[in-house]
């Protein structure tokens, strides 16, 4: 017996379709894309206001602040990852689709990263300049944020799937995801600090890369399992 | 053998067995802890570097050990529950979480108290084990929060099992990343391994086993409550409650 | 008295042991209390149902 | 190979109440399985259980005599589910919604335009769905069902939000699908007049 009949769209088609659909939805509601970005910028603004504009201190704490802000803004946007699908019944339809659920979960997370994580990576140099971070570490900063936000989106998708449909979802999501996200924050921020101090930082990049690869290959399965459980 | 496990997994059998099992775990546990504490406090001579403060390890190490064991049990229980749909395995997670959190708290506080005379500070971020332990405490909080926010027991079981499994992978990553991080900042040395004399080690083993037994007794007791609660609509619970001897 | 003072570390050592004792006893007590509580709740429910019939 | 949906000794418990126990049925090509019962009797739950979204307390559902749990993807490739909520995106247009569906599931070899024409939604093609009435959205969901090339239709209360003409349309569509060798599982609390073999399951 053939597993899937001829004419059944392949996995890649499913992945691209759901990514495209979510990007299209985001396009029609640009506020959802911009809010996390504004949030990111605002948290980065709060810090100098709180501790004072001393250049030395800002350069020193810049990587940490940018990373904490990136983590928080990713977390903020994750809450809505499965919410609208849950509300209008699309999630039910995804669960009975012939496409493997982990692939669909990966596609949704990919779209989420493209509209929340990726723009954040792009504007991070602007904020880094205000923190007087040396311009030669912008590459490292962006690379760590790129790898890190991918991991954070994927980790967060597990949490979002576990809390979808719960009343106290937002606070709970943070509680579940923050401890899981700590290694990413720790690796990312310290790698940038090392680079700023002209130390060897490649270990951190490799570790972040490994984390991202690991989460791409494992997190969608956990997310899919969690979605099936939450949607029972 | 298989039959034994099957019977163990049957709620009424477990409920009855657990009642007899608890004293068998608790009494030797208390005796071992009493011996270990006495020996650790009075019989063992002070460490030549740390002085008498090293005696704190007799409560700190067993707590830290149990804090990790409890998390492992939650993850293994969750995994078994998800794969073989064994309800008792899910109940293990529900029963172990508050105990694990309590021992994690103990490990943190005793570690911090030990650090005060040794490091001159109540909290040392540079110590990788303390930081990992703190993250572990947060993982317990997340697990318990998720459990308590889902009303349907079956759903809460499965969701928290997924979280525990994701968390257990993460605990390993936390461990290594924190180690790397503290090596960057020249972390302080903590309890060194392998420098203990035999007469220092024996009370520690007694404490470890004693703590494990007490933990086992509390776990079985909580598990018994979980089983009773989950089976509250069944006939055997009705018969148990209505029977003249009742239950404790 | 010297044995209790433990050099200058007595306060630290004793507070650790004391706290551990308190937490363990409290956990054990809570486990027991919860069992009693749950049992009583179920008992009341079942007996109420029994009388109703 | 004749396609067949069957269930053996299904027991489903939701929360504290047992919705059904020892439920059995068998459905072959050209037959309609009609789930009857009042609201809350478990029709939707049974439908969700058939779709594989609820875990059963005990029992097994079979597709072509193979347990569904062993071939979830193949089974999902053979069904389309018209749920209570349409599961369509209000921000997207009809065409965008259906294009997405087409990438997930094998599509029948028919011209979408004729389907839209028949359902009376051809002129609404480029509007976002949220500007459509509930009845029109339901028709879009029907279009999705008709465009999928699958033998099994799961229809949960397909008549809600539809006028008399729409209800008749649903019955006609069902009849045609059955006549062409399809299968339907339908939950409805009104009488369904369809010229085909009807297997009734009463859940009350």
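As written, the chain order gives the labels A, B, C and D, with residue 1 at the start of each chain.
Note that in this section a residue touches a chain if its C-beta (ideal position, glycine included) is under 8 Å from a C-beta of that chain, and two chains touch if they have at least 3 such contacts.
Every value quoted in this text rests on a predicted model; they were computed, and no experiment measured them.
Chains making contact with chain B as well as with chain C: none in this assembly. Distances between chain centres, each the mean of the C-alpha atoms, put D farthest from chain B.
Chain geometry summary: the mean Cα position of chain A and that of chain D are 36 Å apart.
Once the centre of each chain is set as its mean CA position, chain B and chain D turn out to be 48 Å apart.
Here the spacing of chain A and chain C, counted between their Cα centres, is 42 Å.
Centre to centre, using the average C-alpha position, chain C and chain D are separated by 54 Å. Multi-chain contact residues, meaning those touching two or more other chains, occur in chain A at positions 232. Taken residue by residue, chain B touches two or more other chains at 152, whereas all remaining positions touch fewer.
Among the residues of chain D, those in touch with two or more other chains are 55. On the side of chain A, the complex with chain D involves touching residues 3-5, 7-9, 13-14, 16-18, 20-21, 24-25, 28-29, 88-93, 95-100, 228, 231-232.
On chain A, the positions that touch chain B within their shared complex are 158, 162-163, 166-168, 172, 175-176, 178-180, 182-183, 186-187, 190, 194, 203, 207, 211, 218, 222, 225-226, 229-230, 232. Residues 3, 6-10, 12-13, 15-17, 19-20, 23-24, 26-28, 30-32, 34-36, 38-39, 42-43, 45-47, 50 of chain C are the ones that touch chain B when the two sit in their complex. Touching chain A in their complex are the following residues of chain D: 51-55, 73-74, 76-77, 79, 81, 83-92, 96, 99-100, 102-107, 128, 149. On the side of chain B, the complex with chain C involves touching residues 26, 37, 41-42, 46, 51-53, 55-56, 58-60, 63, 98-99, 102, 105-106, 109-110, 113-114, 116-117, 214, 217-218, 221-222, 224-225, 228-229, 232, 237-238, 241-242, 246-248.
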